Every structure is written in C-alpha cells, then in structure tokens.
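For clarity, chains are labelled A, B, C and D in written order, and residue numbers in each chain start from 1.
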Amino acid sequence: MSTATSTQHASAHGHEAEHHHEPGFWQKYVFSTDHKVIGIQYGLTSLVFLLFGFLLMLCMRLQLANPGKPVAIFGNLLETILGEGAKGGIMSADLYNSFGAMHGTIMVFLGVVPLAFGAFGNYVTPLQIGAPDMAFPRLNMASYHLFFWGGVLMLGSFFVPGGTAKSGWTSYSPLATVAEFGRPFNGQTLWLIGMVLLISSSLLGAVNFITTIIQLRTKGMSWMRLPFFVWAQFVTGFLLLLAFPPLEAAGILQLMDNLLHTSFFLPTGLVVGGETLPVSGGGSPLLWQHLFWFLGHPEVYVLILPAMGIVAEVIANNTRKPLWGYKSMVYSVMSIGFLSFIVWAHHMYLTGMGTKVSTFFQTTTMMISIPSVIILTALFISLWGGSIRFNTPMLFAVSFLPMFGIGGLTGLPLGFNASDIFLHDSYYVIGHFHYVVAPGTIFGLFAGIYYWFPKMTGRRMNEVLGQIHFWLSLVGMNLVFAPMFIQGIRGMSRRMADGGTTYFGADDIAIHLNKSITHSALLLAVAQIPFIINLFLSIKSGRKVEGDNPWGATTLDWATPTPPPHGNFATEPVVYRGPYEYSVPGAPADFIPQDRKP
Amino acid sequence: MEIPYTDKARPDTGLYNAKVGIWLFLASEIMLFGALFSSYILLRVQAPLGDWPAMRLGWPHGLLNIPIGTFNTAVLITSSVTVVMAWASLKMGKLAAFRRYMVVTLVCAFGFLGVKSYEYNEKFTHYELRLKSGEVYTGHLAVNGKHPGFWSLSDIWNLDRLNKEKVATVEFVADPKKESHGAKHAEASHEHVTLKPKVADIAHLDAFIPRNHPFFAIYFTITALHGLHVLGGALVMGYFAFPGSRMWKTKPEQFTNRIEVVGLFWHFVDLVWIFLFPVVYLL
Amino acid sequence: MSDHSHSNSPAAAGHDDHDIAGHVRVYLGVFLALLVGTVVTVGLYYVHFESMAVTITIALFIASIKAFLVAGYFMHLLSEKKMIYSMLAVTGVFFFALGALTLWSSNDMPRNTEMKALYSR
Amino acid sequence: MTEILQKLGMPAPASSHAQGIDDFIGYIHLLMLALFIGWMGYYVLALFRFRKGANPKADYTGVKSSMSTYLEIGVALIEAVLLVGFAIPLWAHAVDEMPVGKGDPKTDPIELQIMGMQFKWNAHFAGPDGKMGRQIQTEASQGNPFGIDAKDPAAKDDVVCVAGEPFKLPVNREAICRISSMDVIHSFKVAALRVGQDAIPGMSIPVHFKPTKIGKFVVTCAQLCGSGHSVMRGDFEVVSQEDFDKWFAEKSKAGGGGNSFE
C-alpha cells in the first residue's frame, strides 16, 4: 500500500472540505468511506465467516460419519465451549440443528453475499466504470457496519440460553416460534434481529450500487460497454433491493410472534407437547414460506450472478478473446433477474398446491433455466478459438462452468413438480445447491481473489500454492457433493442429526456414503490451508507486479495506479470501445484497453 | 477526483445522484409495505366469517376511532403540502419561508405521532372479556379499583396475570353493544354497564394488544412501522430546517436537492398512510 | 436571487420564479383535492353499501386517486425521467406479483383440502 | 433409465402412480446426461485444443455458426415437452384427481387421517360405522393427538394408531390420507410409494395413492420439526384385504377413540 501514504499527503493539503485533516487509524481502516477499504473490510470479514461456517459444517459432517459417537477432532472443543449441548463430545440433535441453521445462514448471508456483492462489488465496480468512488460513500460505510454488527449478533446467539437458532436457515414457522416458546430473548430472536440488520445493510448497499452504476459511469461508458461483471452486479443490486424487503417484513412479523406472542404465522389450535399453545391463532404458516422464498429464490441468483460476472471477466482475459455473445449474456442476466421474482413457490410444491398454481411456478422455473443455459453456453463457446492461459484464476473460472452445469442441471428435476414429490428435501437438493454455491460460486469467488489480488496489493499470489489449492478443492468438492445425489435418489432426507440411521439400516449404502463424504470434507479443509497461507504471505512477500496491468486486461480497473489511490483515477478516464477487445486483428498487442484513444 | 453529479444532473439520465438513490430506496419501501399489506390481506381473507368480537377470530369492523383517524389523515396531508412548499421556497431563494414551512411540517409530524400514541393508548386500555357462560364484552377494566393510566404498559392485564396475582373479582365497564353488523359504536344513546365478574368465570381476558387478535397484530405492526418512518423523517427534517441549513450558504443547489429528496421520502410516508387509513379504519 | 435556484429539478428545469409560483398554485389545488378525497372516503363509509366488495372497491379507488395526486404532483412523477419510470414499473410488477401470487397460491390447493383447525373447539 | 436409478438404490416403486414418476425422473436425467456429456466433450476438447501452447494467437471472432442457438431452442423444446407431456398431467393425477368411491365399502377408497406430532406419526380411521368421532381441542394431548371426544358415540369404533403404533392399509385399494399436524410442520414422505406431502398445522391436505405391493413401509418425516426430527419414523404395513379386515375389526373392537387412551 505504498501510494496510500502519498494520497494521504495530498489530502492533508487538500482543498476538499471532507479531508482537511490527517486520517487516523480509525478513519483509515475502520470508518473509512473509501470504497476500496470498505471492499477489503467486507472481504476479510466475510472470509472469516466463510471459514467459520465451514468449521460448523465440519463438526456436523464428523458427527454424521459416526452418529451417536463423539465428534472426531472437535469433540472436546465443542464440549468445552458449548457444555450440555455437546456432552461427551457428542452433538445433541438440537446442537446439530443449530449448527445446520447457522451454517446455512452464515454461508449465505454472512459469507457469500458480503464477499460477492460487498467485497468484489465495492472494490471492482467503481473501478470498472471509471468512477472515483461509490455514489454515497458514507452510506457505504454504514452498510458495512450494519453487516458487521448483524454478524456479531448472530454469532453471539450461540451463547444465549437455549442456544442459537435451530430451525434451519429457512426458519419456518411455527417451529421457529415454538422451539423456544416463552424464553424471551432466545437464539431465534437474535437471529431475526441479526437478519434485519443484514437486510438493512444489503438494502443500503443495493441503493448505492445501482445509483453508482447508473450515475457514475465515466465518459463513453455506455450500457453496452459495461463489463459483464458490472451487469451482474447491477442485476444483483435489483434482486437485493426488491426481494429483501419482504423478508425484512417477515422477519419483523416473526419477531412479533416470538417476542409479543402474536400469531402471524401460527394457525388456530396449536397443541405443542400436549398443551394448547397460549396464543390467539388465526395466522398462516404458509405466509412465512411465501415471504421467505420471495427472497429465497432471488437470493440464490444473488449468490451466483456476481460469481458468473467474475468468471466472465477471467475467461475473457485468459482466453485472450472477446466474450462470445456478450449482448445475449446481458439480456439473459436481465431476464434471470426479472424471472427470479416469480418462481419462488417451486420450493413449496409439497405444501399443498393445486395443479394450476404449481403449473404456473414450474413453467416459470423452466423459463428461468433458459437464460442460464444461454449464459453458460456463451461462456463455453468463448473458449473456442482462444489462446488459453491456465493460471490459478483461470483454473477456478473454467472449472466453474461444469460445476455450475451439474448444479444447474440437477435443478431441473427439482423444478418439475412431479419429480420433486420424490426429491424434495432429500440430499438430492443438498447436492443440487451445493454444486451451484460451493464449486460454483465459491470457485468463482476464489477466481476473483486470485485475479484482483495484484490490483489490491501490488503483489501476486503464489502460483504453486494456488494450483495445489485448486486441484485439491476440485477433487474435494466433487467427492463431497456427488455422492449426495445417490443418497438423495435413495430417499435420504436432509437435516438428519443421525445421518439417516433411523430410516435406513446401518449397512445401507446411503449411510456408508456419509463416511466417505466426511473424509472428503476433511480433504477439502486441508485444501484451504495453502490458500490461507498464500493469502497472508503474499500481502508482504508476494512477487511484485510489473506495471499496473499484469494480466494484460482491457477493463478500466487495470487503468488505475496499483493499488488505486483515494479517488482512483489520476484524471477522468474516457472510454472508446467495448469491454473485451482482445486479439483484435491488426492491433499491435493482443489487447486494447477500453480507455486507449482510437 | 470528486464524486460527480451530487448537485448537477447527469446529462444522459437527467438526474442527480440522490434523486436516483431516494427513488431506489422508495422502491424497496414499496416492497416492504407491499409485503405487510399482502400479509394483511391474507390474514383477513382466511379469517373465519363473522365479526369480532362475536366470533372469536372473525375480522373486526369499525374498531378504530374514525374521526381521529380522519383528523390525522388531514394532518399528514397538510404536512405533505407544506414540505413541498418549503422546497418551492428554496427554489425561489426564500430561506425564511422555507424554515416557516418546515416548522409547520414538523408540528404536523409530531402532532400526528401524538394523536397516534393517544389512539394506541386507547387500545391498550380497552379489553375483550369472554365469560365461561359464553357472553362477550368489550370495555374497560379496573383491577382492585384501579383503572389503568395513560401509557402505563404495566397496567395491562390478562387472565394469566389475574390468576397469578390471585385477584378474585374485577370490575368491567362494558361498552354499549354494537348496532347491527359492521356498524359504528353507537354512543350516547346506550349506557355503559358495569359488571363485576369473578375471575373464575372468565374464559378470556386481554387488552386490545397485538397478541390478542391478528387484526391488532397487523394493525399495530404496520402503523408502528409507519410511525417510525414519520419519526425518522421528522428528525431528518428537523436537522435540515435548523443546523443543516448552514449548507444553504455554501452549496445552495445541493441543499435544495436534499430538501427535495427528504420531501420525496415524506410524500411516500404520506402515500402509505393514504392506503393504510381506509384499509385499517374503514374496511 | 435565481443564480443558485437554477436547478436540474424537472419541475423547474431552466424555469424562473414565475413558474414556481405556478407550481405553488397547483400544490394548493392538490392539497384541497386530497382533503376533499379524505372527506368523501369517510363520508361514503357512513353510507352502507350492500356488499363489502363495493365498499372496498370505492375506498381503494379514491385512495388510488389521492395516491396519484401525491405521486404525480408533490413527487413530480408526472414529469420525471425515464430511468425512474422504468425502476418504478419493475417495482410495481413485483409488488403485484408478491400479493397476487401469494393469494392465488393460498386459494388453489389440492382438491378437498380443508383450511381449518383440526379440532372443533 | 429407471433401472439405472434403481441400481443406484432408488427404492422399488410400490404404488400405482410410482412408475409414471420414475419414468419421468428417468427422462429428465437422460436430458441432463445428454447435455452434460455433450458439453463435457466439447469442453475438454476446447481446453485442450486452444491451450496457449497449442494456439498462441487467439481468434477475435471465435465460433461463427449458430449451432448454439439451435441447441438452446432444442433444450427449451424438450423442457416444454417434459412439462406439458409429463409433469403437469402426473401432478394433476397424483395430487388433484381424488378417487371417488362407488358406494361399495370393499373397494371404495379407504380414508384416514394422518397427524404429525413432535415426533410421531398417528393414524385415525373411521370405524365400521364410517364416521369419525368428534375431535375437540381441549381433549388433545400426547396420548390423544386427535383430540377424540370419548363421549361421542361415533368415536367408539374408530381405529386409532398413536404413539408410533404401526397401522395397516389394504393392497390394491386407493387410500386417501388427510395429512395434518398438531404442532409444527412435518412432512409425510413414503419414498417407496413416491408420496410426499407436508403436514401443516391448521390445514388438512389429502393425498391419495394405491399401494401395489404387500410389505412393510416407512414414513419419513421430511421437514425439520425440532430435536426429534431425525427419529420421527412412522411404520405401516400394506397387507391383503383379508388381513386388513381382520386387523381392522380387532382394532375397532379393542375400542377406538375414548377407551384406548389414558
């Protein structure tokens, strides 16, 4: 961060009203309004959450490998920290459920969204459109702090009496209300308050991003010259903006149910444990599901679109040719955004749905798979005729394609209601969505980290460690998630604290697979070690980059000094061409930056 | 580089940043209140047929105080026109007029909140009483001869609490029975009856608070959320009317824009009320 | 005086005080209309219509007119930019989808589904 | 394809509509497999052929043919066929078309109430009188989840299986189960019958199926319902009509509703 000092100097004598004093540590790193610092804050925080979410899952997997026996490796630790819930190192069913709920919540809302949207969106979007910062820098800071405290609250809920939320990341009512009924500030309550904070953070972020993209595009940066990554962020912003508020409303309603004992989601006549629940009744459990999935489905595209954006950038750069069908990709991403709001009830086929409604929702579900196919196809075809460099970011990006392909394709039998009768809530679903979020999104994000690391720090990450990380992760991910399809086909249900032993004989293959999946998850954990080492070592001792544009990229993010100073560009850049002018016939180099004068 | 278009409009969109931002924010607010209104409709549609309180979970009609609600609607509409007048004053360069209009707006805002809290209190001190014999009353409760005071939440009673505190009988001033279905409280003509039910004979007793009925639940939730918006808007406007108006000297355009943006938010709050009022008071 | 009031606001883009004064008259007119609308809504409430549906339709119709006035004149939506219109159009569609599809789903259930408590009391 | 799925361990179908669903799952997987294999072949080829070593200079335009468009249209068409030709009718049949009896108590659909409760499945048949006993909230308890009113004469002969007691169903006869729950959401899933339906409190949703195999079956709870979710196993047996009648008569005489509870 060499240039940081010089900017600081510049602003010390600066004329801007906002920067008339030397920023101290707090101003510079904690309450910064610079989109790049905020991006890095988001990035580091969400990586820690990601790791934590993974560790929760590792405990669960280790339990599943040996149901009823002490958890290997972490058993003692769990007992020390959590006491009763992990007596003798064995996870109680409640503890398993809370870990599951928190794994889902943390991975989705505290890991991937902040990393994909908060970190990459913040760091890269303004650079790619040639803007000095986000449109509302102080709002940006506020979103990060809301996110941070929302996360802290969620983590804190592990230590309240009764433990943290234990009703799944979907938090279905009435279970979410009934589970700890009568305990005023239970884990579920904290979960809900945490969610309201996280949602508010995302809403502010979304307003900021969309405004930035609409208003702060530099001269010549017309809509069809935007890098695909920016398009993906733009649509993601709208998904967050319009899909999150209903969940916020639902969260408030469930909070009322939990704290004030209203009955928004509680029907008349609940008898829990043989006792009539002392509430008025008159509510509807399905209302919660509608409001949740109205967010829930757009949310999964929030998880995938930024990753697709990153993958598109990395593929264009490393095939050294333009993206094939850029326009069709843009239109597809817009249709995905639009359609994703009207497919939500495909998560609810089995809640008692007539033929008409379920036909509507499965039709829209099939429609939304078409633009996904188009984007994937365009990315696949972009490979043809390229001159492909297999560096670490490219390896992750290129393996994103078949991994997302598997995840997406297995979405189809879930999307048809008739086949979902059998597959619903089985491990097939777990396999489906982990293929899209883990080797899909997470790989896309890894690609992004390796790709933009040189811009952020002025140094490269180690290539050998990167390759080890990639290959072990690729193998690990597939060994973890592919067997889940078989478990699902065998009818094994998800969220089983005992790994399904109650339903299957212990010698059943579905159960045997639990062991091998767990071992593969351990492999996956080992695979992350080189990455963590690499990330921290490279900040100080990575190979220095030669110039500001080490990858020979065309987009504006590489036209800034490295790392970019406050305000990003020395002079306002002007854009003359599309985002991916690689290997233009007759050009001297194999790339023409967007801001090169014709 | 400075962030562009904080005061001037961007040529191709014709908008300055904050204008885009506030409209996006309002779009998300539309979805927020949209979800709450949808919840209201769903809860209401699936409520059993028949009017509360005769039918335990039927949907109540005409339970809220319509004259007061109408008055509050007028207050909010007034504040909406004064805020736009404040902005127009700035456009004409009249800071003093701007400030006068803002003060009126603030008075309206806090007036609205004051009236609302009076209405809340009216509900918190109003009770539904069901006797085991099947008779149903609404009215006011006195325990140990004590009527609950204004806004003292600890005075809220229910059956559990009566039993826990070993109260044997309570005093209940029952409202006059309603006229036929869906009609208003017929006031002066009928007298209030005072009952002295034994706690042992009570099947259900609860104030008109959220947990008592889905109608109260959704009514309090939406109006409270709306009230928070009013409060938030009022605080921001208070800031701009006084300390924040310093900006007028240095950046008049940006200041005018900010007032426009605050105004947009305020009109939205008004808009929500325009629907909320008929939906919860009249229908 | 009007040096700084040159603004990009659509309502007054490039116009002078005179136009603003014209706007002010419109605002006052709208204000009156809103008050009248409120009084009419409440008045109609005391007229008892035969069916609930009519009551609801009328009340919401008047509310919509009032909303149109506020949004159109106070919020200047009648002369807003295309960008804002498209954003609001999308929002409107999703707003409608949320309400309508949720309601529809809760009405279309497998044949003979019963929506009531299992117990009779 | 269904054979492959079964080799992978998909339970053998045991109801009249199961084969249709299995075939359908098979067709989709064929489509998926075709796409996957096709694209993977192309993908490996592309990565190999256009690696930097082999192709140092990238081609600005890349693919010119409109193959991909046809492919995309093809995928859309196949999806449309699967949708209209299979999914919608299968669903309509499995969910909406309730079988109607002809008035013959031996062949008419047999109706029962299934109630999920933390963490057991309970079943309730009307007795030989064809009427289910009255159910009241104040009677509902762990031991009497249906809240059957012992005083109601119609309840005397009801057949009730609670506390995990297995129930029975006759083979080759339509069954209509009204699925409900008394506390939280559960899900009634019988993998071998290809039946799944959430049990939602406040709703009573009918599912129907016709078991075609005699044997023991397991009800899985497929919706997270609390700490006992993973052990909320229900068991039932599909038996011949004669065996069923015998069991039914015994159960009914042993006392329905009122008597069997504490």
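The rule we apply is simple: contacts are C-beta pairs under 8 Å (C-beta built on N, C-alpha and C of every residue); 3 or more make two chains touch, one makes a residue touch a chain.
Small disclaimer: the values here were computed from a predicted structure and weren't measured.
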{"item": "Comparison of C-D and B-C by number of C-beta pairs in contact, larger one", "value": "B-C"}
{"item": "Euclidean distance of C-alpha centroids - chain C vs chain D, Å", "value": "45"}
{"item": "Gap in Å, rounded to a whole number, between the CA centres of chain C and chain B", "value": "18"}
{"item": "Centre-to-centre distance between chain C and chain A (centres being mean Cα positions), rounded to whole Å", "value": "36"}
{"item": "Interface hub residues of chain A, defined as touching at least two other chains", "value": "214, 242-243, 246, 267-269, 281, 284, 286-287, 294, 352-355"}
{"item": "Per-residue multi-chain contacts in chain C, two or more chains", "value": "83, 90-91, 94, 98, 102, 106, 109-111, 113, 115-119"}
{"item": "Shared-contact residues (touching 2 or more other chains) in chain B", "value": "13, 15-16, 20, 24, 27, 31, 34-35, 42, 46"}
{"item": "Chain-to-chain touches, reported pairwise for every pair that qualifies", "value": "A-B, A-C, A-D, B-C, C-D"}
{"item": "Chain D - residues contacting chain C, complex", "value": "95-98, 115, 134-140, 146-147, 178, 180, 182, 201-207"}
{"item": "Chain A-facing residues of chain C, complex", "value": "83, 90-91, 93-94, 97-98, 101-102, 104-106, 108-111, 113, 116-119"}
{"item": "Interface residues, chain A side, partner chain B - complex", "value": "16, 131-133, 135-137, 139, 203, 206-208, 210-211, 214-216, 241-246, 248-250, 252-253, 256, 260-264, 268, 278-284, 287, 291, 294, 567-569, 571-572"}
{"item": "List of chain A residues in touch with chain D within their complex", "value": "92-94, 97, 166-168, 172, 174-175, 178-179, 267-274, 276, 281, 284-286, 319-322, 324-325, 350-355, 358-359, 362-363, 366, 369-370, 373-374, 377-378, 380-390, 398, 401-402, 405-406, 409-410, 412-413, 416-419, 421-426, 486, 489-491, 493, 495-498, 500, 502-503, 509-510, 582-585, 590"}
{"item": "Complex contact set, residues of chain B against chain C", "value": "8-9, 13-16, 19-20, 23-24, 27, 30-31, 34-35, 37-38, 41-42, 45-46, 66, 70, 73-74, 77-78, 80-81, 84-85, 88, 90-93, 182-184, 252-253, 256-257, 260, 263-264, 267-268, 270-271, 274-275, 277-279, 282-283"}
